[in-house]
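Chains: A, B and C, in written order; residue numbering restarts at 1 for each.
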Amino acid sequence: MLLSAQNVSKEFGNLRAVAGADLAIEEGEIIGLIGPNGAGKSTFFNCLAGETLPTTGKIVFDGVDVTTASPETHARLGIGRTFQVPATFEDLTVLDNVMVGAFLRHPHRTHARAHALKVLDLVGLKDRQDLRARSLGTPGRKRLEIARVLATGPRLMLLDEALAGLTPAELQQAIALVRKIHETGVTLVIVEHIMEVIMTLARRIIVFNQGHVIAQGEPQQVVKDEAVIEAYLGRGHRNWRKKD
Amino acid sequence: MKGTIALCLAFLAYPFVFSNAFYLDIGVALLLAAISASAWNIVGGYAGQVSVGHCMFFGVGAYLPLLVYQHWQLPPIVGVPVGIAISLVLAVLVGLPTFRLSGHYFSMATIAVAELIRLVVSTWDFAGAAIGLQGPAVGRGWYDLTFRGELPYYFIFLGVLVIVLAVTWQVQRTRFGYYLRAIKAGERAARSLGVPVRRTKLYALMLSAAFTSVAGSLYAIKTGFIDPDSGFGILVSVQMVIIAALGGAGTLYGPLVGALILIPLQTATNTWFGGGGTGLTYILYGGIIVIIARFEPGGLHEMWQRIAPKLWKRHAA
Amino acid sequence: MLLLQVIVGGLLLGAIYALFSSGLTLIWGMMNFINFAHGEFVMLGMYVALLVVVWLGGGPATFGFAAAVALFVLGVLVYGSLIRHVTRGPMLAQILSTFGLALLLRYTAFWIFSANIVSLPQTSLGGTLNILGILVPVAQLVAGITAAVLTVAMHLFLTGTTIGSKLLAVAEDRNAAMLMGIRPDRMQALAWGLAAASAGIAGALMAISYPWSPSVGETFGLMAFVVVTFGGFGSVPGAMYAGLIIGLIQALSAFYFGPIYKDIVVYGLFVALLWFRPQGLLGKA
């Protein structure tokens, strides 16, 4: 097992954002983490990335207890993450952005540069390597964020709505990119609102509601689940596709 | 590269072209200001951690050479490494607790610690209290570094500036330099990519503190006198910040460009307005800082980056 | 008896520290922004009091009110012309904006009023009260009590009125406040006005009993940092208690170690606090 989360809870004051969530991820999976707005999946995601300290529970990555480890340690151990709102280094060039990530495993500048260029080639940003990050559009910045994380050499990548807000054409490119990354041997967890996209990508879907996992399994199976239909459809069908 | 060589030649030629004492004095002041501002730039510019109390390192560096002379008759230069060591300790004391928190805490802590040290030094007889300390009036040998003319100081200062800029250039190219810029651009994202944020900031502050301390030592050795205000006064910090920010914080030559503009300007206002000019100079400083913050936080460097392409286009047309 | 007198004096001055520090903490709480020119606002309050007395005459009520109004206007202007434009900018711009403003105000004051120490002419609040053997100058007593009342009033305003709750809503969550129809820009401008006014009145109150020069701004600015750090960033009641404590510590260290050490002790405590409890002595962990 690559990562396991047991009974993870997070409380903000009186609010229980995550209430005893469990998750087990095998190496090589693509997992979709879905759930209606306010289901606590973002908080849970941040717990997995080491950015939020869980109130209770235990998270183990590849045999190492990472429950209280810092985001830096997560990156070093091989857990990479993207942000819901792309947090690219706006004043740095595209290449420099990726080099910051590449330096984690390649301390020397020339090696880091070579590795970063390889990653840029993979994600299709090589022709824009000298532009400043801020001059890219949202799809470009999302792509750059993925490249940056990829350059750190992760074994597990956590993507926070990497596909949201893209046009259908961009979406197809993004899906192709995610597949390509998966083929290189990276395990993926994708948080997403758009059900259709996740259905075509993920091998396994985990549905979050009210702070815990209410259903999981193969995509076809999950959409038929009573609890899932209740959680989603109970709030009106339109919420399915809406971003928050 | 060509520009760098031209710049070096210009600085080497300057004292021979403008050999009278007045211009040489400006040259020496300019070099010293460029050294301190370049030192500040490492943590304030590249890492984006805005210190407004860097005078604490400058003052320590300035006091130590004269302290070792005053109390033990040692050559002032002996105090330089001691000053660096104390500055490094200070950097850790200030950086370690505040780098966990938002950037505002660091700025507040720097100004408060600097003021605390100034007050302590002003009441401490060992350090000359409010009166200050003096260096050797007449050098006992070359090792006292007391020269009759300004020329030797000019070249010593130039040498130190070259070292500071060379180190900065090297930092810029390495992982450490990339990490500094990443931290400035976004701490949260940097952390998620495995950048050890707190440690990197601390190293930057320590490097910056060491160079600032050397700048203080150079000042004291050349002037042969130091008191609490010229060592630990807020205006010492202000000058570093304004020069770096004016030229372009976080760029290699920004502080040097800032010094090239500000030091002649300062000399001019002091000359035009006579003794009362110093007050006006600081009003001007405040005004410049506010204008930079409001309109062009990237300084002249950023402005040039924006304007230059348009100029070329016009030339081409 | 002498010790008691020192304690009372310290608390009365501390109440004034609490008043101007509550302004600084309000700005921090609302927008995570440190105003390096806050001490200069206090200093300007003192000179406004002086000018009003010299040009128009009038007692403490008149010049206190004038200082509040003048500084309120200045605070709103500073927000509108400077702060509003830098809050979303880089850290360098945020810090340099008010740091530069502090220099501008301080040295303009030096230029206009010179570095000489000045004091207000004797006001109607002369004389000394003898309360159970403790001698308290009337001016200090009135100033301290006024400051305490105003600080409490500020707290009540924030927690008990509609405008106050709108201010706090913006502090809590800018976007949510906007959705509720609150205009954050106006609320922040108001906060800057209030913060500057609190500094202005505090300055005027201190001017009654203490002589000053343009350089006091630096001292008061740092004092406000210390109080806010002690009391917990963003908390007005915290600033109230911390102000009183700092005033007391200052008075006692002046009494036991000598006047020149009073600021050293306070700044030393501040540095220790940053090390061990940066969230403030009274703030939440």
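Methods note: contacts are C-beta pairs under 8 Å (C-beta built on N, C-alpha and C of every residue); 3 or more make two chains touch, one makes a residue touch a chain.
Keep in mind that this is a model prediction, so the values were computed, not measured.
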{"item": "Chains touching both subunit A and subunit B, listed by label", "value": "none"}
{"item": "Identity of the chain that, by mean CA position, is farthest from subunit A", "value": "C"}
{"item": "Rounded Å distance, subunit A centre to subunit B centre (Cα mean)", "value": "43"}
{"item": "Approximate Å spacing (C-alpha centroids) for the pair subunit A, subunit C", "value": "47"}
{"item": "Centroid distance [mean C-alpha coordinates] between subunit C and subunit B, Å", "value": "32"}
{"item": "Subunit B residues touching subunit C - in the complex, by the definition given at the top", "value": "44-45, 48-50, 52, 93, 96-98, 100-105, 107-109, 111-113, 115-116, 119-120, 123, 184, 234, 238, 241, 245, 249, 279-280, 282-283, 285-294, 297"}
{"item": "Touch list for subunit A against partner subunit B, complex", "value": "49, 51, 70-72, 74-76, 80-81, 83, 87-92, 96, 99-101, 103-104, 107-109, 112, 148-149, 152"}
{"item": "In the complex with subunit A, residue positions of subunit B that touch it", "value": "173-175, 178-179, 181-182, 185-186, 188-197"}
{"item": "Residue numbers on subunit C that touch subunit B, as the complex places them", "value": "28, 32-34, 36, 81-82, 85-86, 89-97, 99-108, 110-111, 218, 222, 225-226, 229, 260-261, 263-264, 267-268, 270-271, 274-275, 278"}
